[in-house]
Structure formats: structure tokens, C-alpha cells
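Heads up: the structure comes next, in C-alpha cells.
Residue numbering begins at 1 within each chain, and the chains themselves are lettered A, B and C in the order written.
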Amino acid sequence: MSTAIDPVEVQGLVAAEVERQLKAFRADVEKELGELRERTVDNRATLVVFSGDLDKILAGFVIATGAAAAGLETSMFFTFWGLAALRKKGAPSAPKNLMERMFAMMTPSSTESLGTSRMNFFGMGAIMLRKMMKDKQIASLEELMQIARELEVKMIACTMSMDAMGVGKEELMEGLEYGGVATYMADAASSRVTLFI
Amino acid sequence: MSTAIDPVEVQGLVAAEVERQLKAFRADVEKELGELRERTVDNRATLVVFSGDLDKILAGFVIATGAAAAGLETSMFFTFWGLAALRKKGAPSAPKNLMERMFAMMTPSSTESLGTSRMNFFGMGAIMLRKMMKDKQIASLEELMQIARELEVKMIACTMSMDAMGVGKEELMEGLEYGGVATYMADAASSRVTLFI
Amino acid sequence: MSTAIDPVEVQGLVAAEVERQLKAFRADVEKELGELRERTVDNRATLVVFSGDLDKILAGFVIATGAAAAGLETSMFFTFWGLAALRKKGAPSAPKNLMERMFAMMTPSSTESLGTSRMNFFGMGAIMLRKMMKDKQIASLEELMQIARELEVKMIACTMSMDAMGVGKEELMEGLEYGGVATYMADAASSRVTLFI
């Protein structure tokens, strides 16, 4: 049996039914979107700087500032020999045991003493490289580090390496963050660009 | 002429109309979701270990175990000098021709003989590094490899390198996978983190 | 008071309501799809070739051709010592100042003079490596470069490095592209695989 109904009532009926039927579809789409969301990346670049060679550290900062300039949130994780890039010039050394002293002797005491990966010849390679860059008006390491800071490149010192090599916070520059591999991985896992330098 | 309508009839009407309108939309969304799906990444990290230096191999295992601990499916592809990290201690050598023997002489015979990328001084760098890590209770390479196995990090030996350097499977550890660049690329192409060490 | 309504009118009502509800939903989905789209990657691999060592450059070309063969758009960005891989054999040198001449003296003049990262011994390492690869019928560097070209691997020479090292275009191979870190980053930021070699 059919009864007459109010148009408003019809509209309500229709709206409710449309909503009910859409609900399942919406749930499907949300689920798929959610799954995709977990497989996306952030606008981020993450560099491990392992090397203590001037040329490689320079390359690291050129890439990091380039990434930041291109709009990527950029972080550099300095580990092992790479820690040398973060040494404060003329900083007091943390008290060191014999092994740590030997390591310290063999690693540069500030960015200005970094050697190159090739043709080191008692620092000649680095002096030449620095002179050529100056002649060509290419930014020096110290200038690049300054630019990196201005572009808010995050610089993280690896605490495990600091511990292993007996390097204290007072020996490193200001404005650093500190962390281990979990800190690095948290950034790296959502990065567009991940490099090991 | 207007007649009264049955709510059931309304329901049928709605169902048919929703279906009709959704059909095109659903197809659009599915297409776009499909296109996006092809541009996503998996929760995966893939490392090429090219270097045969103890310090770099250590860094590789620290990162690989860190990635696996962070929930990423992690694989390490050992190629070139990196194969040295997979040498079984005291394994019989595969029969080698003169070139292969010369190469074998110049590469370490197990992880315990790996040198460092800096300050090698007849192995002093590696001995110091190992001693410092022990003093600081940082996991040794052998311990890290054990952790990597427990975290199901996939370790792949590069068959092209094995062939080029005359290294046989009997000279390498148990539990490895074997493959070439296509094997590596299959993992790398869907990885969040890709590093060359 | 209720009045009877026309079935056609009901149909119109239903169609309008479905459309209204779908419209909002469609806008939501489009927004979310758009957000996701900005967080996806392209089928692309991007390699920085920083090293001038034969073994590392070989590894770079093996990976690059592997990536291209796997269907990834692949580009190699040659910077610093890596520029040596692009030297044209017997090319006239650009006029160089003293510093540039010293650099030129210490870097190989073509791919055929590249040394290895280990065991260089006045080129012995490279000669051995080349001989072993030939014996095993593994593609030589020159063959790999040829394959890379056939697979349309994009080879980019870093203009900043060329400038710093005083290397002119006439000293490099044909068919290269030229660019700086911004060029590199444009490719890298949408790549599935990013490596620093």
C-alpha cells in the first residue's frame, strides 16, 4: 500500500539513503588513501657525512645547501671522521685516554686543517683546493657552513662516534643537534634524497 | 498527475542513481589511486657496501641495523672490496689464477683483518678502532653482523664481483643471498633509503 | 500536510542529492589525492659520481646501466674527481694557470689512466682490474659508457667543478649535459634511488 508523503520527508529519505550508500565507498577510498599516505615521502634530504676529507665535506655542503635552496628540509648527520668538520677552532680538548689522544692526533683539529681525499701531500691538496676556490670565487667551507645555517640545514653530531672517539660537546661548534642512528633514520626514512658521503 | 510513493520505491530509485553517478567517479578515483600507487615507496632500505674498509663497513652495519630496528626491510648488497666483509674465517680458497691470487693477497682474508679508510699504518688504525669500541662497549663488527641477522637484514653477495675477483661461495659465510645489479635494483627502486658505502 | 509527488520529480530530487553529496566528497578526495601526488616519486635514479677511482666509476656505471635497464630514467652527475671519467682522450687542454696545471698533472687525462681506490701501485691495480674484467668477459668502462649512452643515461658534467679545476668543454666527451647543483637536485628530488659515489 502506498501513502502520500511530504516532499520534505522525501528529501530527508533520499539524503539519508545517498549518505548510507556513499558511506561504504568513502570508507574504501579513505582506506586506500591511508595506505598510500604511508608510502609517500616528505620534502626532505638527509646526508650522512662520514668522510673527514675536505673535498668530500665540501661536496656535502654544496649538496645540502642546494637541497635546502630547492625547498627540501635538509639534515646532515656527521659521524666518524665527518665529526672533524664540526670541530670548533682552538676548543679545549676533553680529557682523553691514550687511545683517544692517538686518534685526536691523527684527525684534524678544525675545518681549516682538513685534507683532501686525493693528493694530500702534507696538506698541499687542501691548500691548492682552497686557493683555487678562492680564485674562482667559489664559497669556502666556512662560507658554505654559514649559508647552510642560514638555510636552516640541521647539523647533527653522531653521539656514538663522539663517544667512541672521545670527543666532547665543548670541542664542537655551537648550534648543533645531537643524536644516534635512530635520530638519523627518523629523518632518512621519509627523505627524497639520502646520501652517504 | 501525481501519485503517492512508496518509501521502498524511493530507496530503489536512490540506489540506482547513486550507482550510476558513482560509477564514473569511482573509475576516476581508482585510476588516480592506481597512478599514485606506482609512485610510492615501500618501507625498505637498501645499502651498497662497496668499500672494504673496516670503518665504512661498520658504519654500513650500524645504519642497516638501525634501519631494520626502525621497521624497514633492509638489504645490504656487498660488491667489490665490500665482499671482504663476508669472508668466512679460515675458509678454503677457490682455485685461483695468477691475477686472482694477486687480488686475494691484497684483500683481507676475513673481517678480522679489515683495515680502516684512514690511518691504516699496517692495521694499527683498525686495532685502535676495535680497542676503542670495546672500551666504550660499542658493538664490534662481528656482533653487529649477528644483530643484523637477528633483525633479518638481507645480505647479498654480488655475483659479478665474485666472478671478477675469483671468490667462490665456499669462501663466504653461510646464510647469504646471491645476485647481480638487477637483484639490487629490484630492492633499491622501492626503497626509502638508498646508500652507497 | 502531505501531498503526493510525481515519481519524475522524485527522480530529479534523488539525482540532485546524489550530485550534491558527491560534489563535496569529490572535492575532499581531489584535495587528498593532490596532497599525496606532491609526496610521490618518479621512476628515476640519480647518481653523483664524485670519485675519480676506476673501481668506483665502474660501480657507478654498472648501477646506472642496471637502473636504466630496470626502466628508471637515470642521470649521472659528474663532479670533482669524477669529471676525470668524462675526459676525452687526447683532447687539447684549456689554457690553465699554475694551480690548474698542478691539478691537471695529478688527475688522469682520460678514462684509460684512472687508478683504483685501493692498491694503486702506480696503476697496477687498475691494470689488474681491467685484465681480470677482460678475462671474465665483464664489460670494460668504455663499453659500459657505451651501453649507458644506448640506454639514454643522462651524463651531466658539474660546471662548478669544471670552473674550479679549470676544465673546458673541449676537454670533455661529446653528448654531455652541463649543470650545477640545482640541476642535480631537480632530478634527485624525485628519484627512487640516489647515490653518492
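Here is the rule we go by: a residue touches a chain if its C-beta (ideal position, glycine included) is under 8 Å from a C-beta of that chain, and two chains touch if they have at least 3 such contacts.
Remember, predicted model here, so these are calculated numbers, not experimental data.
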Angle, in degrees to the nearest 5, of the Cα rotation that carries subunit B onto subunit C: 120
Same-residue or different-residue interface between subunit A and subunit C, half as cut-off: different
Where subunit A and subunit C are represented by their mean Cα positions, the distance between them in whole Å: 20
Two or more partner chains touched - positions in subunit C: 3-5, 9-10, 14, 17-18, 22, 29, 33, 36, 40-41, 194-196
Interface residues, subunit B side, partner subunit C - complex: 1-5, 9-10, 13-14, 17-18, 21-22, 25, 29, 32-33, 36, 39-41, 48, 50, 52, 79-81, 97, 99-100, 102-103, 106, 160, 163-166, 180-182, 184-186, 188-191, 194-196
Complex contact set, residues of subunit A against subunit C: 3-7, 9-11, 14-15, 18-19, 22, 26, 29, 33, 36-37, 40-43, 45, 55-56, 59, 62-63, 65-67, 69-70, 72, 117-119, 128-129, 131-133, 135-136, 138, 192-197
